[in-house]
Amino acid sequence: MLDQYTGVAIMLLMAIGIAGGMVLMTSILGPKKRFADKMEPFECGESQLVSPRQRFSVKFYLVAVLFVLFDIEAVFFFPWAILFKRLGVFGFVEMLLFILILGVGLMYVWRRGGLDWE
Amino acid sequence: MAYYVNRNVKMTWWERSYIPEILRGMYITSRHFFLNLFGFIPFFLGRKKEREIFTVYYPEEMVKYPPAYRGRPVLALNENGHPACVACGLCEIACPAYCIHIDPGCNSGKQNEIERWPEKFDIDYAVCIFCGNCEEACPEEAIFMSDDCEISMLDRKKMRYTKEQLLVPVAELKDRIEFTRKMYAKWNY
Amino acid sequence: MITELLITLAKILFIIGVTVGFFAPILTWVERKQSAIMQDRIGANRADILGFTALGLFHAIADALKMFTKEDFIPEGANKILHTLSPIIAVIPAILTFAVVPFGGVYNLFGREVNLVISDLDVGLLFVFAIASIATYGYVIAGWSSNNNWSLLGSMRTASQMISYEVTMGLTIIGVLMVYGSMRLTEIGAIQEDFSRWGIFLQPLGFLMFLTAAIAENKRIPFDNPEAESEIVAGYFTEYSGLKFGMFFMSEFIEMVTISAIVTILFFGAWHIPFLTTATLLSWFEILGTTGANLLVMLIHVGVFFAKVIFFIWMQMTIRWTLPRFRYDQIMKLGWKILLPLSLTNVLVTGIVILMLH
Amino acid sequence: MELLIFYPLAGFSLMLALGVVMNKSPIGSALCLIGMMLGLAGIFALQQAHFIAILQVIIYAGAIMVLFMFVIMLLNLKGTDTKWRARERNTLLTVLTTFLALGVLYKVITVIFEFNLDSPAKVPDTFGTAAVIGETLFTDFVLPFEVASILLLAAMVGAVVLAKTKLD
């Protein structure tokens, strides 16, 4: 059972090697010319007016919370889906309840404008 | 010729899914793709390939620019082999970018053919904005916007053209000369 | 044990060679050349070696050479470690996903069963999603660490778009899993030997939704808001140069290959030719002996699989050069308000149909 | 063979766990935490809990850490905040956490000695696969499963109420 992960492990090491080697190569091979104007962050030729280190709108946070919740929901679906034919009607009713309860949640979020972007 | 787009069209459910429109768009692009990809086959079969496309394969194929096109300004060389310019300096003044530099040459009395001519006439194409004011200001039909626009180069110093580089025989500028006569005559210059 | 390891190593080298060595550089050329052909242009054909241009194929080499020799630029005020780390985080998942993607069936070579997949995981499809969810960090950190307003906007957009479509992508293939009853990609591929059981016939809506969600997850046009050139310069990789910039592109192209491979396996019969079972193919080449016939069939299957993959890459390219970019709120609306309820409905309808048939 | 993989993985996870606590910048801590989650997933896979290992990556490393990342990016905490420094010298907190950690360590050590490590439990080949876990979840544990959905609903409502309340 364990040896099925051997390939993943070797592949991971190789991917790290490729990616790390690329970054190393580009930092070694490229020229280095530093001067003040060049090192400024790009803002279409102007100096930076506002620092990007500012607080952001909370609606991005709401998306993240909803994502976590729906991701957990989706994870429940996976084992259910592959067992569906074995569980039969019982499993279907079970999942119907689950979907309905979460559908209520989705509708609530929808109606409260949690999914709206202006 | 203004026409109005009716934005209150009620779309059916099927239209609102946008799937037919997406497929139609993809049909058009992939039709072009396959026509261009395999369009050379009739050419091999002995039939002349007929291109139904408007684009031009630029460096190999060139288009003739219309006479109204403003390329790089050039000096006209008249039939006698002299520049038509009389070094009056009007174009130098008219130039909003100050890219024209003229050193006038004076007639010392010996030459009867021409009275004044430019000793030096430089145009810096790195500065020129191709506005055509010099052409408009010229009283002698000496400076014209040509149809040449390929003046990119690696050295800025080389973009400053001298009189010898600028001179172009009048015969090559015929279209533009006629065009300017028509245009500026209309505006009662 | 050693032979097993060697076989695994050979498969890994093949996959990395195909993705990183072949598809990633070639697709940069394909993207330019195909758009050119589509728009009646000639396209990239200037790079030449001794006057020989090879249809502009040398542009891939020229691009790579140029990227290697460009300056590695890190702007002032940026977090140097994270700025360097993020392209690595972006590339690794892209390559790693292929560990569970089968590119052929099981063949009997030299008295040994050879399964053409690097790791035949029981949770294969979930592995793909797990790795895809890790890839988000590369893009988010890239934008955050650059100390640039465009980058930060881009990374916020990336984050919310990618996580939104991750959920949708997961839910859209539940129907497929219900039909096949397995998460093992090799099993799903093997079932589709029967032409009537191809995923596209059993789950047409699932296919459409999965393709949409997958393209959105890969942030390609028409869902390229995170890197919209005309709005926020280049989004999260505005401050990247040289090969670090190229690595983001590389991961995008490799992910394109991944999407095509997954779509092929789930919906288009994986490595199978319609109406031709493996047994039929084997019986055709019986004269060559067991190993010879198996070897030939293996080559045919791998060829068919990659032909299908290339078709889907072509399709994604066509979509990219046909459709205009969506607005940001449209993307979020499509993900949350259309695809999510639609995929839940798809699950229920599939369930009802399966129950009726049984 | 298993121990050969286990120790580097465990060491890797522990180092990153230390990194979470010691790191000065919040985003560095978050990255360490993600790495630790991945290491943990590796350990789960080593214990034949394949499905749990994947869930560890999807839910913890992929979803919950994105939330953490969002919070860090939204607040944009500076690496060396003055308040952050002040917390370092909270003696009461230090003593409390030390006691807690020692208690946990004691419990862990006693539990380890209770088990017979020489003969590890034999598990069937299908152990830990999605099908087996699903089988128990959807037959024996139906009620917890449905209760979980109500829990998720509550969380959803809570998030929207918190995020969409107008302050003025």
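Per-chain numbering from 1; labels A, B, C and D assigned in written order.
We adopt the following convention: a contact is a pair of C-beta atoms (placed from the backbone, for glycine too) under 8 Å apart; a residue touches a chain by one contact, two chains touch by 3 or more.
Computed from a predicted model, the values in this text were never measured in an experiment.
**Q** Common contacts of chain C and chain D?
**A** A
**Q** Top contact pair of chains, counted by C-beta pairs?
**A** Per-pair contact counts point to A-C as the maximum.
**Q** When the C-alpha atoms of chain A and chain C are each averaged to a single point, how far apart are the two points in Å?
**A** Whole-Å distance between the two chain centres: 16.
**Q** Can you give the whole-Å distance between the Cα centres of chain B and chain C?
**A** It comes to 46 Å between the two C-alpha centres.
**Q** Nearest whole angstrom, what separates the Cα centre of chain B from the Cα centre of chain D?
**A** Roughly 67 Å, centre to centre.
**Q** Specify, in ascending order, the residues of chain B that touch 2 or more different other chains.
**A** Expected reply: no residues.
**Q** At least two other chains touched by the same residue of chain A: list those residues.
**A** 5, 53, 56, 60, 64, 66-67, 71, 75, 78, 82-83, 106
**Q** I need the residues of chain C touching at least two other chains; which ones are they?
**A** 121, 126, 133, 152, 156, 159, 163, 166, 183
**Q** Chain contact topology under the given definition, line, ring, star, complete or other?
**A** It is other, because the touches fit no line, ring, star or complete pattern.
**Q** Taking the top-of-page definition of touch, could you list the pairs of chains it picks out?
**A** Here the touching chain pairs work out to A-C, A-D, B-C, C-D.
**Q** Within the complex, which stretch of chain C touches chain B?
**A** On the chain C side, the touching residues are 34, 37-42, 208, 318-319, 321-323.
**Q** Okay, in this complex, where on chain D does chain C touch?
**A** That would be residues 25, 27-28, 31, 34, 38, 50-51, 54, 57-58, 61-63, 65-66, 69-70, 73, 129-131 of chain D.
**Q** For the complex, give me every residue of chain D touching chain A.
**A** Residues 1-2, 45-46, 48, 51, 55, 58-59, 62-64, 66-67, 70-71, 73-76, 78, 125, 130-131, 133-135, 137-139, 142, 145-146, 148-150, 152-153, 155-157, 159-160, 163-164 of chain D touch chain A in their complex.
**Q** For the complex, which residues does chain B have touching chain C?
**A** Contacts found on chain B: 19, 22, 25-26, 28-30, 32-33, 36-37, 53-55, 57.
**Q** What part of chain A is in contact with chain D in the complex they form?
**A** Listed in rising order, the residues of chain A that touch chain D are 1-2, 5, 53-56, 58-62, 64-69, 71-73, 75-76, 78-80, 82-83, 86-87, 91, 94, 97-98, 101-102, 104-106, 108-109, 112-114.
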